[in-house]
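You will see subunit A twice below: alongside subunit B first, and alongside subunit C after that.
Right, the complex of A and B next:
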């Protein structure tokens, strides 16, 4: 017992010494990268880390010239931990710029903190639209997307190209799917769709058989969710043979992040929309993918969180370069001017609210070289976070919620 | 009408899975008054390991046995080396089982990662069969059949064998049973091991339609607790009836009011706790 106590005390003092020995030189620029690298959502954080590491390797010379150091922080997918880490970055580690967070809730927590601190922040995969809309902050820009952004185009595509009139939307009951469906409805109704019926289920539902039993009739089902909920829904949808009655469309994360290998061949032909596709054939994308595979092995597919981390990091380095150092105002100004003509996902620039204006791809799951990938079959160019609307009109409206916008396209709202 | 049968069958499938989980849990509780809060973690452990075995060997039976087996070993070790040390201290026992559950779940996260996992079932098991009233996936029918067989087997053991009689005696009155020469702690070890085995089996079987993921352990545990609270702790019959009630309520609630599914799931339990705290078939302590 006494022995154990000595060990513990010894360990703690060693850790303390280690932490304080972190000596800081003043001309060093520090980038703190934050994402969930442990815990249930580690897949997303690991993808981001791998993307950032690739960018680090590619930019090695410039990093050295600018004297940039990179430190990774683990948010554990938890909002409180995220804020703790962010505080540590600022007060303890003297970080000059933050890349991340990755998840929805941690992104909002990060935004709140960044507003108070003024830290230049490049949010990567985290998608709540208000980060770059109603709650936007001068010092926070985004390398990724808003939940509604890809869905405007998807709604339009589903109504126009697939000719579906009535959609049954099943989704996880929280803000991200609301936002996705909001974007979908706005595109769908404008393009001649008739109605969308919503069914929300609590996050973490594992048995969907009863939802499937009472599924109303429509032209197609749109599932808005991912992770284990998405996988279970997908499997049970096919178990009960509902795919023979109505095709299954995916929200942006449904086929796009991680579940595809588990879904198997039944996923082939599945449609969804995102600003990214791992089946892109452009030279910039292939170069990115091959470099990624060289670095991390080709059993890991670089997905959107990886590319967004990669691009966010490049945005940060570019900003330091044009600001000629770490002066906050100059870095923020440079960040807001970001143009990325050669991002792997395709060219984009930031709108005046700090969110990318970018390509949206309609993706189809196909088998390519023995693995399932999302292959773009149609591209919508230069889509902003406001879709077909101008910013003032969009912001004047209500934020998307559980039952807004209306599910009936003949509603006066759509006139 | 079709929807009604559909929802009923869904409810029965869920009840079957819940019964497999709850039957062992409730007997173990009845014997030693230990609520094993690591029960859900054994579900997860059996599930992950069983699916891995199925992927590598292609044998479903082997996978189910392996899933149950590893949970059995885990349960046995936990009972022999940990639970016995804190015997009789209610709070320590409960905390210990929580701790073991957390450790197992975290270890699984390290080994298998956070991505959800599904069970590769052969297509002939996924194919629907005609039940007279409607077509229903074959493996779901098998799950129900398995639960019924398990129920009958447990009932036979409990009613007609010496061990069953000893367990019943232990549940009814532990002190008297012990004074009659029944080795209740040893019996408890056996029941605990069987309960863990069943949790592991449920983990593999349940993964056939619910994808396996971190956090499922807590949800499964919660449902099992709801079942045994409704049925009455220590009662096999109670576990069966509790599972049926919970399965049906959950199925019809998710079918018609998905937003309120959780509310309706806990409603029967709340009512039971208010009006009959010992459960439908439980004895007053």
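Right, the complex of A and C next:
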């Protein structure tokens, strides 16, 4: 017993000393990749990691020529842990550029840290719009999207092409769905929609009978949420037979993120919008998908977080290359000039705020070769984070919230 | 008496040496450790003295953090005013929570604090207009006074260390004072204390408000350390983390919570460097230490000391090592 105690204490102190004496030689460039690889959201972090690993393999020669090393960090999906890992990157591991974080809250925490540190940062999947809008920082750019970005187009599509006038929006009660619905409303009302009624539920809800039993009448239901909540809503929606009365539309993550196999055939025909689709047919996409399958096995479909991680890493390497080394200002300047004509999702460039201007796909769930995939049925090209609006007007307006913008399209706000 | 003074001297020397020897990251880890040591101290004050296991001490830290974020970032009030108001508001919340919980016994106290903590957590998550919801409120920064940037890791370290040491010393005095003994007495035999004429509820209530205020101080540092206030520090996970640290270190002793926090943070930092499965390793270490040292790391150290000196006088007193 006594020895065991001594061993434990001895081991811990030895480890402490070992870790603090962790000093590295400084002729290499280091890229730190951060995402949630444990915890509830580990799916997103794992996807990013796989995307980055693929990019590493493809760029192996350039990485060697530039002497670039890559290190992965686990954010655990927690803001505080994220800040802690970012500090470790900067002051312990001598990292020169950060790729990530992946989730909304960790993205904002990372942004706040990056502002203080000046570290060149390529945010991958994290979507709060203020990262590249009201709180933007010179050294932070984004490889992904804002929550509203794909939804401007979706709102327009639903009003114009589907002819729906009144939408019932059910969603998880936090800022990402607010932002998604905000984008939807702005596109929807501008394209001649009538009204959107909002119903919010707390995250982690598994029983939707009270919502479904009192669902108001409309032309369609838009569900803004994902994960187990989305799955439960999807199933109960069909159990209640409401799909016969009103079609079910999805927010960007609803049909896209790994839940399709569990939704089964009932999901076929489901519509949503994103800057990515795993059913794309372009050569660059197919090459990316096949390489991904070669590396990670073809039972894992590369989804948007994987592609965003892949692209973010390429942006980082390109920036090091054109900066000819790790000089911060040069790397940041190169990052802000990013153009990706051959990204798997389609070509994009960054706007002056550091967010991609890219294709938005209206996706329909279809069965292809025995798999359920999102196949793009319409493409809106060159959509910025401000959608059809000009940046200054957009930024002068209020940020999206629980009940903003107004749900009634005849509101003076939309004039 | 001598031994305690030596120990204090040693700890202060180590705290002074740390930023001189270590790199920036180790210093920022020490900052975090001290912030959570305060939270764990707040927990142990109730658990060790009164046998009250609280799951809402991190909630007080959160309330304090949100007050700072809302008043400082949203309304732009000056730094000292914001801090004062945050501490005031946290104490007030502890006052209200205290009124609700003061009459409860062990398990019902745990459940009450759980419910209160979860209510505040849900509020922080869903009252988006005020708290920013899931995204939180970013931009909490301390000012620059006379060219000294208080946000600088090392300056911040000096600040946190000074306050933490002061609070630990104050609680040390409190544990030795008649009031501290009264709390222990209440834990041992509430009826007898009442029969002796001691105001049992008032004493418990006071301890609860004090613990809340200490957690409030932790919250002030927490928000300035992270630069962002989000609901995650108010979640059940953090409350349980603090409880784990306090139990690991030994919540009956003064230094136990600080030791527990330091060991847990060191473990998390080190093991996560080598594997993604760090939670499993930490779980295993916890399991072993609690099996081998059920009264915590601190008391094991103290027993080592004591065995060589004099035999323990009392079996029931749970302040071994703190008193002369």
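The definition used in the following text is that the second predicted complex is superposed on the first by the 398 of 415 C-alpha atoms of A that agree within 3 Å, B and C clash if a C-alpha of one lies under 4 Å from a C-alpha of the other, contacts with A are read in each partner's own complex, and residues count from 1 in each chain.
By our rule, contacts are C-beta pairs under 8 Å (C-beta built on N, C-alpha and C of every residue); 3 or more make two chains touch, one makes a residue touch a chain.
Please read all numbers here as calculations on a predicted model, not as lab measurements.
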Fit or clash - subunit C, subunit B, common subunit A: fit
First, second, both or neither for A:116, with subunit B first and subunit C second: second
Which superposed partner A:79 touches (first subunit B, second subunit C, both, neither): second
A:160 touches, of subunit B and subunit C: first, second, both or neither? neither
Which superposed partner A:135 touches (first subunit B, second subunit C, both, neither): second
Subunit B versus subunit C as contact partner of A:108, first or second or both or neither: second
Which superposed partner A:173 touches (first subunit B, second subunit C, both, neither): both
Partner chain in contact with A:69 - subunit B first, subunit C second, else both or neither: neither
Touched partner set for A:91, first subunit B, second subunit C, both or neither: second
Greater residue coverage of subunit A in the superposed arrangement, subunit B or subunit C: C
Touching partner for A:232 - first (subunit B), second (subunit C), both, neither: first
Least Cα gap, in Å, left between subunit B and subunit C after the two complexes are fitted on chain A: 8
Subunit C-contacting residues of subunit A that also contact subunit B: 173, 202
Residue numbers on subunit A that touch subunit C, as the complex places them: 1, 4-5, 8-9, 12, 15-16, 18-20, 22, 37-38, 74, 78-80, 83-84, 87-88, 90-92, 104-105, 108-109, 111-113, 116, 128, 130, 135, 173-176, 178, 202-203, 401-402
Residues on subunit A engaged by subunit B in the complex (per definition of touch): 39-43, 173, 199-202, 204-211, 213-214, 227-228, 231-232, 235-236, 238-241, 258-259, 262-264
Complex contact set, residues of subunit B against subunit A: 3, 6-7, 10-11, 13-14, 109, 113-118, 120, 126, 128, 135, 137, 140, 209-216, 219, 250-256, 258-259, 261-262
Footprint of subunit A on subunit C - complex, ascending: 22-26, 28-29, 32, 122, 125-126, 128-129, 132-136, 138-139, 141, 151, 153, 226-228, 230, 232-233, 263, 266-267, 269-270, 272-273, 276-279, 285, 288-289, 292-293, 297, 300
